[in-house]
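Each chain carries a letter (A, B and C) given by its place in the written order, and its residues are counted from 1.
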Amino acid sequence: MKAIDIIPLFVIIPLAAAFLISLVGRFIKRSSEVIIFISSLALLGLSLYARFLLNSAPGKILVYKIGGWAPPFGICMVMDGLSSFMLVTVNLIAFFVAVYSLSYMNQYTDKPKFFTLFSLMVCGMNGVIITGDLFNLFVFLEIASIASYALVAFGTEAEELEASFKYAIMGSVASAFIFIGIAFLYSFTSTLNMADMARILAYKQNAWVIPFAGVLFLMGFGLKSSLVPFHAWLPDAHPSAPAPISAMLSGVLIKTLGVYSLVRVFFNIIGSTHGYLGILMFLGVVSMLVGVVLALSQWDLKRLLAYHSISQIGYVVLGIGLGTPLGVLGGLFHLFNHSVFKSLLFLNSGSVDYAAGTRDLKETGGLGKLMPVTAKTNLAASMAIAGIPPFNGFFSKTIIIIACLQKGFTGYAICAVIGSILTLSSFMKVQRFVFLGEVKDKLKNIKEAPFAMVFSTVCLAIICVLGGLMLLPSLRFFLDDAVSVVLKGTSYAGVVLEAASK
Amino acid sequence: MTLYFLCLMLFCVGLYGVLRKRNLVKIIVGLGIMEYAMNLFFVLLGYRFDGRAPIVARDQNILNMVDPLPQALVLTSIVIGLAVTALIISIAIRIYEKYGTFDITKIKKLKG
Amino acid sequence: MIDNPKTGMTLIVKTITRLTVGLILLFGIYIILHGHLSPGGGFAGGVIVALSFVHLMLAFGKDVAISKVSKNLASNLESIGALMFLSIALLGFLGGSFFLNILPKGTPFNLFSAGIIPLCNIAIGIKVGVGLFAIFLTLVIVEKSK
């Protein structure tokens, strides 16, 4: 095998793991746990290895031709800075979530089915990230979405089914919009390869099809990433899922299917114009404020966290929508940070639920003494999401605010600061009602969560604390390569086609 | 051009069903209509005037084929639609077991 | 169980089903195997194979159909179909690339031609056939939990 052959493995490994688990998981006890642990560890290792492989590649891009067919006709897989950045994020979170669910899912009956769906979801997300073909992106997006609809309904309680139904209907409508957008672009360019499409669109300017398809994509991917006018499904769907899946959905799924696809289509294929960027920034600011204001009045821990996901996605989209190097850097960095601390928060809420049996803020209290590790990791994550200095959230939020001021959007910068303050107050409420105060009588004899759960939350908390180090010059390449892919815009086409012709 | 507008109308009928109907089954039917409208639209985009089916046959040299790619893509999309519909129907059955109704205004344990 | 008049439909339907169900199954297999030569292929053929079992279930009642293909068997066969497709794709690594068609292509319009494509069709046929049947089975035998 050549070194480049690792690129399709990001799809092969989770797919093989999913079907192996569903085949042998029922017969051999605990085999599903072994398979999921090995596959997610392998994916994490491969994504880090691919990141270093990319450093030595010419032009910092790797193109894999499936079946040996060259790009405009065959399907290719493209690994550039942005893909690699997203792959590391997704597989990092997926690994810790998989370790966490080894213990957490003991409450549920059918572990092999859960891990099958989990693997399929990871497969879909990895596929969306590395594919270089627009229709392939749609197919992988649907794989990830269908797996997540089923996972939201995994508990089959009344609320979970209701949330899953709502999520499935909204998700299918979003997919329909994306599909029609792809149909328009295909009819206009007669190709589905993203690079070739960008090349053809570049010299066929001023067509009415492009803004039309752009609006369809904005609606579709906006629904998937739950920007504010399209956010209604998220506060129901994310809290209803089992806690590890909430962490995956809020942590990486909405970013991969929503933000990453949005960035890829708008910046690298259609080409970012002033109008699109303005819309993106506006939607980002509205999501940021609406999400955090709605979160303030919530008393269900997971529902509160879900509203914060809307708010934090607003920061990411605002940063990327600025279109300046600093803004995109801040947006992508916040994307990574939010993946880490939001999945940590959801995992902590799962630990609280596992130990105390409730996640209503009014019924918990004083858990800090009984669950010291969870209390500390939750403190770290809360400070990170609110943007307190040594934690990673502070750096990314500061970069976004400075980028806003640089480009002259003072109003947006003020909104970002207000959103941050409201986030802080909302998480002070969480700390006060869950971990501080008096222990309620019926919660007297609860214990700390099992080792696997504590292990992954502690690791994620360490990443939260050390995340700011990624801005050091020697580690900056991880972010800078991703930023440069976004900023290069439609010249992505030339780079990919040139790399593919070798 | 008329055909495209008919597709758009079919799509809007489906969207109306999804957005306005109160019965879960009618919402699922609306979703199905939407999916079929978009599939029809994509197949129509590949049509060439006087085109023939894109099948290579023995001893024949067909020049005016319709575009075969949208047909392949629509097949994929139909499969995806099948999976989604089957999943949503099974969820709807379970919802009926829990709530005893298909009326969406009575299914509201989630608020906020 | 098959001749029990209480389950399933009338004698006329049962007799006709007995005559046709094998033919439908055979037609599905034909469509799968000729997928690389004529319209159809793994998915279409798989659907026809699944329909033959659905036909059996409608005519004779669900117990007869489940005795032929149980839910666990359907689930296992589905996983095997998917793994088969994946391993055919992985075979391409022997020739240097994922999904590479490494088998000899043969002459066009022969049954044994087109390299790995007939094998892919068979794998897809298994997966779709039992998958669709499993979906139907699941929707039929949902138990009322009251």
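One rule holds for everything that comes next: a residue touches a chain if its C-beta (ideal position, glycine included) is under 8 Å from a C-beta of that chain, and two chains touch if they have at least 3 such contacts.
Not measured: the values here are computed from a predicted model.
If you draw each protein chain as a dot and join the dots that touch, every dot ends up joined to every other dot. For chain pairs A-B and A-C, the one joined by more C-beta pairs in contact is A-B.
Between the CA-based centres of chain B and chain C the separation comes to 24 Å, rounded to the whole angstrom.
As a whole-number value, the distance joining the C-alpha centres of chain A and chain B reads 28 Å. Inter-chain spacing, taken between the CA centroids of chain A and chain C, is 37 Å. For chain B, residues touching at least two other chains, in rising order: 94. Put simply, chain A touches chain B in their complex at residues 135, 139, 142, 146, 149-150, 153, 156-159, 161-165, 168-169, 172-173, 175-176, 179-180, 183, 186-187, 192, 235-236, 240, 294, 297-298, 300, 303.
Residues 11, 15, 18, 24, 27, 31, 34-35, 38, 41-42, 45, 69-70, 73, 76-77, 80, 83-84, 87-88, 91-92, 94-95, 98-99, 107-110, 112 of chain B are the ones that touch chain A when the two sit in their complex. Touching chain B in their complex are the following residues of chain C: 38-39, 43, 108-109, 135, 138-139, 142, 144-146.
Within the complex formed with chain A, the residues of chain C that make contact are 72, 75-76, 78-80, 82-83, 86, 89-90, 92-93, 96-101. Residue ranges on chain B touching chain C, taken from their complex, read 53, 55-56, 58, 75, 79, 86, 89-90, 93-94, 97.
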